[in-house]
Structures are given as structure tokens and as C-alpha cells.
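Going in written order, the chains are labelled A, B, C, D, E and F, and every chain counts its residues from 1.
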Amino acid sequence: MPNMLSNILGNIFARPATRAYPAVRRPPFSGARGHIVFDTKSCGFCGACSRRCPSAAIVINRTDKTLTFDPFRCIICEACVEVCPRKSIAVDSQYRAPAYVKTVEVHTLPAPPEEAPRAAG
Amino acid sequence: MTTGEQPTSALRPATIVPPAQAPARIENLERIPLADLLPRVRAMAAQGARLVTLTCVDMGGAFEVLYHFDLDLQLQHFSAQIPAGDKLPSITSEYLCAFLVENEIADLFGLQVEGLPVDYHNRLMLTEDSSDRPLLRER
Amino acid sequence: MLMVDWFMATTILLPALAGFVLFFVGQPAIRRLTVLALSVILIIASLLVLQNGPFTYSPRPLAGVAWNQLLVAGDAVLVALFFYFGWRARSGLIVGLVALQAALVAYLEFALAGVAADNAPLFYVDHLSIVMALVIGIVGSAIAVYALHYMDHHEQHLRVEPSRQPKFFFSVLLFLGAMNGLVFANSLPWLFFFWEVTTLCSFLLIGHDGTEEAQRNALRALWMNLVGGVAFAAGMILLETTAHTLAVAEIAAERQAGGALLGLAFLVVAGCTKAAQLPFQSWLLGAMVAPTPVSALLHSSTMVKAGVYLIIRLAPGFEGTLLSPLVATAGAYTFVTAAALAVSQSNAKRVLAYSTISNLGLIIACAGLNSALAISAAVLLIVFHAVSKGLLFLGVGAIEQYIGSRDIEAMEGLLRRVPLLTAVTMIGILTMLLPPFGVLVAKWAALEAAARVPLAMLLLVAGSALTVVFWTKWMGRMMSAAPSSQRLHVESLSPLFSIPLVGLAALAILLTAALGWVMSGLIGPAVSDWYPTVGLASGDNGLVSSVGAFPVWALLTVLAVLVVVALVASPVREKSVRAVYACGENLAESGDTDFRSIGDGTQAMSLGSYYYVGVLGESKINRWANPIAIALLVSLMGVAIL
Amino acid sequence: MITPSIALEILVTVFALVVAPLAGGLLFGIDRKLTARLQNRIGPPIVQPFYDFIKLWNKDQIFANRSQLIYVYVHLGAAMASLVLLVWQQDMLVILFTLALGGISLVLGGFSVRSPYSQIGSQRELLQMLAYEPMLVLAAVGFYLVTGSFLVAAVFARGTPLLFELPVIALSFVLVLGIKLRKSPFDIAAAGHAHQELVRGLLTEYSGRYLALIEMAHWYELLLVLGIISLFWANPLVVGFGLSLLLYFLVILIDNAVARLTWTSMLKITWSWGAGLSVLNLAAIYVLSYLGWIGG
Amino acid sequence: MSARTVIPFGPQHPVLPEPVQLRLTLEEERVVEAIPAIGYVHRGIEKAAELNEWVQNVFLVERICGICSFLHALCYCQGIETLLGVEPPPRARYLRVVWGELHRLHSHHLWLGLLADSFGFESLFMQFWRNREMIMDLLEMTAGNRVIVSTCTVGGTRRDIAQEQASEILRTLDKVQNELDKLLPVISNDYTVRSRTVGKGVLPKDKAIRLGAVGPVLRASGVAQDVRMIGYAAYGELGFTPVVEQAGDAHARLLVRMKETYQAIDLIRQALAHMPEGEIITRVRGNPRGRTISRVEQPRGEVVYYLAGNGTRNLERLRVRTPTFANVPALVQMLPGCELADVPVLVLSIDPCISCTER
Amino acid sequence: MNIITTARVKSPWILHFDTGSCNGCDIEILACLTPLYDVERFGMINVGNPKHADVLLVTGPANRRNARVLRNLYEQMPAPKVVIVIGTCGCSGGVFHNCYNMLGGIDKVIPVDVYVPGCAAKPEAIIDGVVLALQRLAERSESKPALAEALA
């Protein structure tokens, strides 16, 4: 009992270790694997990322030149980043925010990414 | 140093390495007839060996069951073959701890095991509506 | 005063007479009629005794023969009967004890002429006697009525042919008469005679079923009670030689010393045997083999009360002596030990038996504490314990006939199966356990009285805590039920069952509600007959003692309001009912508490109660408990000699 | 006929019944805050127990048995009644009996559902009662020995604090409080936080409004036990309150400094260190008053 | 005699972070029999590993268990490297030691906290987990993710540890060790902790071996077996002796893991001090052929991979025997005879990882 | 917000159930309870009993055996309640998409209110998810028809 007593009594007078999230937000570490971003301008729609993705989160339609990415399926392993021959895929250090609805990203060659609702289930 | 572990000595520069010529093999692997299984297991138990696990492989029409033992970090393996439809004798009389893995083999491969002390009736991992015998090779 | 001889005849002789009649008349209809009529008469008679207040009475000689000569003849018959039973059972112990007792009684009656010399009235009926007579009359009658239906079922179940019920009701009714005689008697030899008649009746009733176990237990009860008889006779001789009186009222009227005190110590020991105090508890436990009405009648509400009655009766005689604290300690010791033993029992009747022993211990402890407050507590306890415990025995007996078991484990969820029986049994437990019901009021008074006697107080504190454990877990067992929104389906009972059961249950509650009247009308006078104060009086909100107060009615009102609020405030909706938490693996569709387990199989949930046999089991406790108890009783004698 | 004194009594009663849960809830809030700080974190706001209460009160009402609900009301009612009895300066033993009535009621509530965790919790709660009841009764006996009465009023009538005569008994309330508040090392029947083998023990099958009522009973009980502790220094009572808060703080400290023990250890500790030492305290009073050193 | 109580303990139960059911048979509070029912987290990873390409499997096997994810990847990669006949560069082997030991460190912290929680020592739980966050920061800093680091790959590692990161690691480890020094006496001496663990769930040496126990459970029973002794990665070049306790009870397991936190800190320091410069990955070509056994010491004990390749992109068979799978029979033998209150302590004393067990 | 809604938002008691995650998200949930993230600041406690819980945190994809457990637990929670899925695999199956024993996302078993992606979801993300769920709880609590529906 005295063993722990010094520890907890010390804690009373120490500042709590608690990070005041969400009031105070820590900047993410550089190189943190937050979420995957696509640069469709340079993308060749070769499908290497799609084949390598272990959770099948990327679907590429080579004829339509569309890349469908399911962020609620992505495990942010960076395999696609490594395998992309044109370095069109990058990882952002900010984690993806929670959502009420699951959405998929559809990337096409000229247009900016749009968010489309996905059928639940 | 027993199996496929790297030797831990010399530092060599990293290079792009071509694939190995000969397929890798498991050392200390002994093929034994099924009838010898229990005596051999008993002998291992007498030596104070630890049962690491069992591995079942579907060979198409027959199963290969590997018994892995560890004696002071030295591995010893027995391989027994059993035709599909035959029953595998349980080694729980020697190694009680095998009941879990034997149940798993029964569950995932449909290989019947004889003499289980606790029988999960093929419901260790799977449920009634699960796909049947998932680890069998698709033929 | 003209009616007095009729009261005596009604309460003592009429039951005995009816018993003899029933012994020879086998027709069930006549038996029913007789017992029912007798019950009504007994209740009325005891109420009439109450109304006529204290009196003394010495009957005129019967056809020229002095009653004391009849007593000698009666004693001789009893000795002959005991001798015969001992001889038949080849029990040297019993034969020896009978011989010893016969010698002592003969010495008293012939050498000392102890019986004939007394000029004191034969019967001395004071408020304490009246309280006892009421208990015997009301509770005893309820049990006798209950026995009518119970014994039919019992004999059907055991396939007894021809019926042995004539013999049974003979013993029961004779017993009731003897009890009344016992509590009215002023002359110790007469008291002793009735005392021995109760021993005889208990022997006959315990052995009634005739099984080997019943015979064995009956013989054990016999020899243990004969030990008490020997102590009783020895006590009488000592009193006669030193105090020169055998009149209870005279002995109790002044503080005894020397040999007379030793005589009182012997009588206390005799009381302890009859009250099944440690180390004599085994005869009462063995008596549980008898049909339940026997347990209810002899061993919870009345017969064992004879022992404590004797001690309370004589308590003023040893007030202020060293005997008092020792008796208190011995009683308190039995209180805590029997409570501890009760925790480990799963047989409901054994729990009841130990609880009885424990409560009798408490009464004896109060007698030992020997203050007005303590004696009030003791008498309160006699009344409330008799009602609640009688109810509990009858309830358990009925439950046993319904579910075929007296095992508490088998009583799980009884509330759903036999709601009415369970409810009355639970009322029995609740009135034994919860404030502000009478038993607890008595316990409160006992604790307040005990606060000055350190060791007794400690034992009482521990015993009270243990008491909570065994009652609560038993009650919990009966209530435990799987989730259901269904209404309870009340079973139908024979009126011969339901009237005594519901009547006693109502009485148990009503007596608490009427505690003020009970206190001022019954218990207060019983105490103030012998002590300068009452010790406990009814005040504005409840009972008031010199050192505390118990707002009985305030609490009773709160309790009633709470139950009503709860019933009104909690809605019953089908969809509100959820399966119990079974870690997510419920099988709610099965309607019970099954869960899914190994290999997806269905597993019935099973819940056992706790008995702590490893700590509180009989074999663990008796090893040290009985020697200590014997040491305590021996020290009673030792102190009296000092 | 309402005389001024009765009116005052009613006023005091109502005040106690209203203020006690507020104070009790607040104390529990302080407990949670303090515990958090002892663990080097910020913790919930002090009014958190009230948020919990209001939320629980407005949850959907689900239950397993109707009978289990009756016991909640009796539990709460008994806790309130015993507090009122204390405020009325009634008999200590009766207060404790009433408290026990509430305790038994909760146990029966746990038993009334055929659920493993609630039943095992009830069995253990019984053991807890077995553990703390003797200590409480011994404390009452201590009061009696010093004041000559079981009435709380006698404590106030007496000028000098009881603490000097009953120091060990006062200290034994650390154990009582620990058990009553379900704190380590005695949180065996239903811990505040549910990380234990019994889920939440005998509270497992209660939810929503009924859980809120039990929580409220808990607040009353806390105030009651603290009130009893205050009696050790009844004149002036504020010192007694200080004493009770000190013990309360001590219990929180112990909660964070030890692991949970098993029921066997609990009984051993409470009966030997708690009841045993209390008895020694009483024995000392017997001896001293016999020698005439203290009046009794 | 009392009726027996048969109750479910799990799958959802507050002392079990993971779903597993023990069907407990009790006599009052004493456990008479405990039979595990599992399959609540069975996913079928062994089969999925045959469907995936072997390169993708690194990410799959990492997610067999999120707590020792790196070590699963390490075991898999070492096996594939054997099948391919390649060897990772030395720096990679040292990096693997660093990450591996960081995992052991955070896993043991996690476990020590959970065990404290299992016997109701909340503040101790909080202190261990507060400490653990420092290690989690190190993992996030070096690998980019807190839990699943994904730094190990076939042929080496995917990330390097820079010099300033290494010194940050060393600074943090000093702090961690400083805090551990304060908690060590609580673990080893505290009366209540000892009364809840000493003599509980005793597993004698011969029984431990015969029941196939591994890792800290085995070492707490006096068997000096630690797969790191065979010297994979860079362990053969670092000073290393296994932590062994003799008592075989829950407290011995507690001490083994507590001491292993110090050992892990020491190994990280050694690895950082002796880390050679150079490449961190050997690029590989071709597909695995033949079969092999790969073993790694996880925080929970020995993990065994059986890998068989046939020269295609898909493996023929991947079998994983995780440490908890090996320790469950020991647990089943430990439980009968203990008190119900000891069940959480004993269950946690093998440090169960059910998602490992069921894959 | 009225007082009831405030109380509901300020006192979310959580029930955590792992339906086959890799433990990564589970230990992150536990990390949320510990000093550095200390979600008890928001009144959150892990009650471990569905009958006491307001928020159900589910980690991992459902498999056939635990789906029924999950349904039971959800059923035993008294309304109003919210369900939060933590981690990518619980949202959709994630890396376990081709495992034979998986049913996929949790939304195939019980209604889900908030999805928290991440592998494993960081403690900050979990807190964000709970905040989002509480917003929905508040909306439900404020709007009478929605509440009636939730309580029905």
C-alpha cells in the first residue's frame, strides 16, 4: 500500500498528463500515415495499386479512366504508394475524420474528386 | 540453429538477390507411418519435449499432418499421411494440449479425430451457417 | 373465579381427553370434527384465561384422593413407560437414566416428602403463563388443524395402512394439554410431571413414522430429555433441602443462594436440554425426521419453549447472582453458534431447526441478562418467534408436499411455481428478519440490554449478522426467477392448509402492527409481575426503553408506503422485459436463461446457492462448539457452588 | 395539531431529504474528480453524478422481473428513513437496523433475477453486510457505553467529543465506508467501475431509472455514514463533519493505493482489524470506567 | 451439498477486452471446470493468405494481432526470406530488433495495466498506460502509425530510424525506465498485489512443458526458453539472457513480464548503439518455393509460422500457431481449484490474445 | 438543449464489443480511458454491461458467431442508444474482405450511427467519433418524434 501511495500523492500535485483533445490538437508526426490522397493528374490508371491493395479498396476502370477509392476500406498500409510507378499516390499525415455515412471517392482524369454516397451494407 | 533462420554472422552489402535455386526444406522432418505415431509421440513426451503444434495440409485425397516438437529450442517434426475419410488418432493421451489444435483440424479440414477429451463437434471456429471445411483445397 | 376450575379442565384435561377418544376412534370425519372443535375451544379458553387475568388455584381432592397422590401415581406410570421403551430398545443408557431419575424422584417424594409438604397453590397463573397459554392455544391449534390435511397426504404418500393417525393425534393433543399444565403449574413436582409427559409425547411423535432413522432419533431425543429430567429432579432435591420450597412463585420471589442457587443451575441445565441448546442440539435436529406438524408443534413453537419458559420463570430467583451473566453467555453462545451452523445447511427444516435453537439461545441469554428490558425482550421473542416459526414450518411442510423436497436448492424460483405458499413462507422469513417486525424489535431490546455484559453482547452482534446471511440467501433462492412478464398463477390449497397458513401469516404481521397492545396487555404485565419496571413501554411512535427507542409504527408505515409506491410506479409492459445478461450469448427465445456455449450447443444456466461448508459446516464447527458448550454448562454449576 | 417544534422537525426532515442527495451526489463527484487526479488525469466535472442520474432517469425502462423493482424502492426508502432517523437523533441501533433493511432489500433484488452475476453479487453483498454490520453495531455499543444511551440525542447532549474515548472505533469506519462505497480493496459485490469478474455484480440487471434510484440511495447512505462519523465529534458538529470528510478522503486514497481483495481477506480484515480492535476499544472503556477514570 | 453453478464468462465481459467464452462450473466461488468456447473472432486468415499474393500477406498477417503486429510481420517475412533464399541487410536486422522490442515494451505495459485492472488496482492500470503512451509516441514517430506499424517487409524494413529519432528514443526510454522504477516495488512487494497473485494458478515446470506453454508463462515456470536465443534478426549479436522465474504462479508471470520491460529497454539501447549503417532492404525477385518453419518470440511467447510456396504468387499453405493458442491449454488446467475472483487474474496471466488464437 | 439532453450528452456510458478486430482498435479504445486521453472528462465510462450502456463501440468486422452476440447486446441496451463502429474493418471488412468467416461491416448486423475509419483508429479519431455520435444523440433527444421512435 505505501508503495503506490507516494505515486498517487505525487499525482495530486502534478499536472494531469491528459492531453486536452479536442480543445488542443497535437500536430501529427511527419510521416504519419493518416489518409491516402490521389493525384489524378499524373495517374496512368495502370492498376498496379489496385492489384497490390490488400483490402481491395481501390478499383480502377481503365476504359473510363476512373479510380474508385473506398476510404472506409483502406487500411493505410502505403502499399499503393510504394507500387505506384508515377508517384501519383501520397499519404497525408492527418487521419480521416469519422462520418455518419460511408462514402467512396471517385477520381476521374480531368475532374476533381467528388464524394458520392454509397449504399449502406 | 535449426530451421530456416538466417545465420547471424557476417555483414554483407545489400544487393538484389535472385530467387534461390532449390526449394527450401524443413530440417529434422521425419516421415512416419500412422501406426508409429503414438509410440513416437510417447517417446518425445518421455524426453520432455514440448509439443509446438500440429499442421494439417490438404494434399488432395489425403492429408499430411505434421507434428512439431521442441526440445530446448531444437525442433523435431513428424509427418504422417492419412487418406481422406480415415480417422486421425488423437495424441491427447500424451499431450493434452493437442485438444485445441486437433479440434481445429477437425473443424477446418473435416478430418475426423478419434479420442478427443473435449469435442467441439466441428464447431470450434465455425458455426452452422459457415462455409464448410474452408481449408480444403478447391478441386 | 368460579370458572377457574373449568379453565384448568378445558386447557389441560380436555385435549388429553380428546386425545384418548381419538386414539380409539379411527373415523377421519370424527377426527376432523374433534380437532377443529378442540382448536376453537382451546383458542377461546386461552383468551378467557387472558380475560380473567392472573389467579391461583388448587383443585379439591378428586374422589377423596389428594392430587399429590395422583401425581406420585402418574410419575410411576411415566417411569414405567420410559423403562419399557428403554428396555425394548436395549438401551442401557436410557434404562440407567430412568432408574436414576426414578431414584431421585422417589427420594424427593418419599424421603423428603417434598410433594405433600407444600401448602402453596398447585397452579399459579400469572401473565407469563397466560402469554404461554395463548401461544399454545393459537399456534398449537393452527398446527393441529394443519396436521389434519398434512397427515392424510403424508400417509397416502408413504402408503401407510392401516392409518396410524389415531396414535398421532393422541400424542399431539396430549401434548397440548401437558404444555398448558406445564405453564400453569406452580408446584415444581407437577411441572416436572408435565415436563416428562412432553418428553413422552415427543418420543412418540418423533418415532411416529417407524423407520429405523425415526426410531434412532426418537431414542436420542428420549435420553437427552431424560438427562434434563435427571437434572430437573436433582435441582428439585437441592431446592427442597436448602430453600425448603418447591413452589415456583416462592422460589422466584427472592434471590437464591448457595445450594438453592445450585438447584436453580440444575433447573437451567434441564431447561437447556429441553430447549435443545448446545450441546443438546442433536435431538432437535434428529426430530426433523418426523412429519412436519411435529416439527412445527414440538420443536419450534411450543415444546422447546417449555425449556426457556422454565428459565424465564426462575430468572428472578437468580437475578444479581453470578449465575445470570453465565446463563447470558451460554445463551448468547448458542445464539451465534447455531446461527453459524444454519448458514451451512441446505435442508430447509434443518435451517429452521438451527434458527430455532439460535433464537432460544437468545431468549435464554435475555433471561440471563435478567433485567426488565431483557425479560421483555425474551417474552416478546417467545411470542413472535412462535408465530413466525410455526408459520415457516407449516409453509415448508406444505412446500415439501408440493415439490417433493425440503432442499433449499430445489426451491429455486418457487415464487413462480407455488406463489401462495412461497408468499406465506416469505412472510415468515421477513417477520423473522426485517425491522420493524416483532422478532427484530425483540433483538433490538436484547442488544440494548446486553450492552452491559461484554461477552454476551459480542456474541449477539456476531449472531445477528450471521442470521441475516442464512435467511436472506434462502429467500433469494425462492424468488430467483427467469425473466418473464407473465402474471403469477396462484395455486389452490385445501382450506385446512390455507387457513392456518394465511392466518398465521396475517397474525405475524398484525401482531407487529398491534405491538403497543401486545406490550401493554401481555408482555409488560408478565415482566412487571417480577421486576420493578417494565423495561419496555409503548410510546408515541413505537417502543421506548430506558436507553433507546424503536419507532415501530413509523417504520411499518414507511415500509407499507414503499411497497405500494413500488407496485404503482413500476409499469408492466411486455416489451420492457429483457433476457438476463449472459455475456451476449443469451438464448432469449427459449424463454429461460439458457445460453450458447461449447460448440454452439445450448447450455442450461445453473445457479447454486452458497453454504460455506468448508468454514461453517457442522463437522467443522461441532468439533469445538460442543466441548465449549459443555464447559459453559459445567461452569454454571461451578459458579452456583461458589 | 402542529406545534412549532413539530413544524421545525418537519422542516429539518424535508431539508435533510433534499439536501442529503445533493450533498451525497456532489461528494461522489468530488470522489471521481479526486480519483482522476490521483491517477494523473483530469476527470469528469464535479456535477457528473447528477448528469448520470438525470440521464439514467430518462432512459427506456427495461427489466427482467417485476419483483426486482420493488426492492429498489425499499432500498431507497430504507436509506432515506435511516437518514431521517439520524436527523431526528433517534436510536442508533434502529438506524443501523433500518440501514440493514435497505441492504437486505438490495440483496433480495439481486437474487430476484435468475442471473449469474447479480446472484453471485448478492451472495457477496451478504458477506459484505456480515463484514461491516458488526463494526457498526459495536460503534453503537461504544456510543452507549460512553453516553449511557443508544439515542443519538445523548451524543449531542454530551459536551466532550466521543473521539477521545472511541478512537479505534472511529477509525474502523474507514473499513465501513470502504465497503459501503464499494471501494478497493472491498469492491467485491459491485464495483463503481465495472472492470471486475462480476460485471456490476448485484446491479447487473438494473438499468435506467432503477439504477438511478439505487445511485440516489447510495448518496443517502454516504451521508448517513458520514453523519454517524460526525457524531464522534458532535460539539461543535462542524469538526465532526471535518472528521468524516477526512475519513472519506482516506478511503479514496486507499481505493487508489490497493488492489481488490477477495471475500475471505475482507472478512479476515474486517473481523480482526475492524471488529477485533473495536472490541479492544470497548474493553478499554469497560476497564477505565470500572477504575473510575472515565464516567460511564 | 450445494448445487453447481454453470455460467458463461464472456464472450462480452468487461474483464475480457476480446470475445472468448469460458464456460465456468463453480461450486460456490470455487472453479471446478473451465472450458473455453472460441471462434468469436475467427476470420479465416490462413485461407485468405492463400488467396492473396504473398507480398500482400505482410499486411494481412500484421492484422492477425494489432498488439504484436510487427512481430507477426517479422515472422512471416523471415519465413518468406528463407523460401526465397534472401537475407535482409544488417541495418534492417537491427531495426527489426528496435521495433520488435518497442512492441514488446508497449505490449507488456498494456498487459501489466490490464492485469492491475483485473484485480481492481485502477490507479496502477492508469500509471502503466500513461507510461505506455510514451512508447506509442515513439512508434508513431518512427513508423507513422501507433498500433499497426507496417515497417517490416520481405527483404528488410520499409522505414529507417534517423539519428535524431534514435536519440529521441533513448531519451524517452530513460523516462520510461524512470517511471518503471517507481512501479516495480508495487508489482513485486505490494501486499494486496501479492495476495492476489502469489500462489495463484501455479504451473509446475514439467506440467508447463507438457501442456505446451510458451513465452513468459513457460519462463515463469522455470524454463529458460526464449526463441530470441536462436538468434534471428540481430539478437545473436546482442547480449541477451532470458528472464526466468521459478514459482510458476501468477506473480511469477507478473515478474517475468515486468523484468522483460527492462530487458526490452536494454535491447533497444544495445541495438541503437551497435546499429550498422547501410541499406535497409534487399530487393527480391521471384516467388517462394518449398516449405519452412519460422519462429519469433512475441511478447506473449513463441509464434510459429509454417509456410509452403510452390513458385507462384500465391502461397500453398500458411499456418500460424500463435502463443496464446499454445497457452490456452495451460490456462484450462490452471483454472480449476481457483476462486471466481481469480479467474480474471489467471486468464490475463497468460496474456491472452484471442484474435491471434483464432486468426 | 434542455436538461435531459444535456445530461444524455454529458454522460455517455460505453459498452465495448470486439467482433473480430485485430485488437488494434480495442487497445486504442482502452487508451482513450487512460490518463493521456481521459475520456472520463466527458463523463464516459466503460460499463461493460449492455443494460447500463448508452453507446455501443464495436471494433472489427462481424463474423457468424459474434453477429448473434452483437445483436443480443444491442437488444439489451435501453434506448436511446447509439452505435459507433471503430476501425476500417468494422466499417467494411477492410483487409479481411476475403476471409471466409466474415460477414463484412457491422452495418450488416445492427444499425450503425457513426463510422470511424482508421487502421487502427487513433484515440483522437475515436473521441471525434464519439462527439459525432453525441451530436446525433442530442438531435434525437431534442426532436420528439425521433425520441419516441428510439424509445419504442
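By definition in this document, a contact is a pair of C-beta atoms (placed from the backbone, for glycine too) under 8 Å apart; a residue touches a chain by one contact, two chains touch by 3 or more.
What you are looking at is a predicted structure, and each value in this text was computed from that prediction instead of being measured.
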{"item": "Where chain C and chain D overlap in contact partners, by chain label", "value": "E, F"}
{"item": "Fewest hops from chain A to chain B - one hop per pair of touching chains", "value": "2"}
{"item": "Greatest separation from chain F - chain, by CA centre", "value": "C"}
{"item": "Farthest chain (mean CA position) relative to chain D", "value": "B"}
{"item": "A-F compared against A-E, more contacting pairs", "value": "A-F"}
{"item": "Whole-Å gap between the CA centroids of chain A and chain D", "value": "52"}
{"item": "Intercentroid distance (Cα basis), chain F paired with chain E, Å", "value": "27"}
{"item": "Intercentroid distance (Cα basis), chain D paired with chain B, Å", "value": "59"}
{"item": "Chain centre separation in whole Å, for chain C relative to chain B (CA means)", "value": "71"}
{"item": "Chain A: positions in contact with at least two other chains", "value": "1, 4, 8, 16-18, 54-55, 75-77"}
{"item": "Junction residues of chain E - those touching two or more other chains", "value": "5, 7-9, 11-15, 19, 29, 35, 37, 39, 42, 44, 47, 52, 59-60, 63, 121, 123-124, 126-127, 130, 133, 145, 148, 190-192"}
{"item": "Sites on chain D at which at least two other chains make contact", "value": "36, 38-42, 61-62, 116-117, 193-195, 199, 204-205, 256-258"}
{"item": "Touching pairs among all chains present in the structure", "value": "A-D, A-E, A-F, B-C, B-E, B-F, C-D, C-E, C-F, D-E, D-F, E-F"}
{"item": "Of all residues in chain E, those that touch chain B in their complex", "value": "35, 37-39, 42, 44, 46-47, 78-79, 81-90, 93, 155-156, 206, 209-212, 214, 218, 225, 227, 229-237, 276, 278-295, 302, 304, 306, 308-309, 311, 317, 319, 321, 325-326, 328-330, 333, 358"}
{"item": "Chain C to chain E touching residues, read off their complex", "value": "346, 409, 582-585, 595, 597-599, 603-613"}
{"item": "Residues of chain D that touch chain F when the two form their complex", "value": "32, 36, 39-45, 48, 50-55, 58-62, 193-195, 199-200, 203-208, 211"}
{"item": "Chain D residues within the chain A interface of the complex", "value": "34, 36-42, 253-254, 256-258"}
{"item": "Interface residues, chain A side, partner chain D - complex", "value": "1-2, 4-5, 8-9, 11-12, 14, 16-18, 20"}
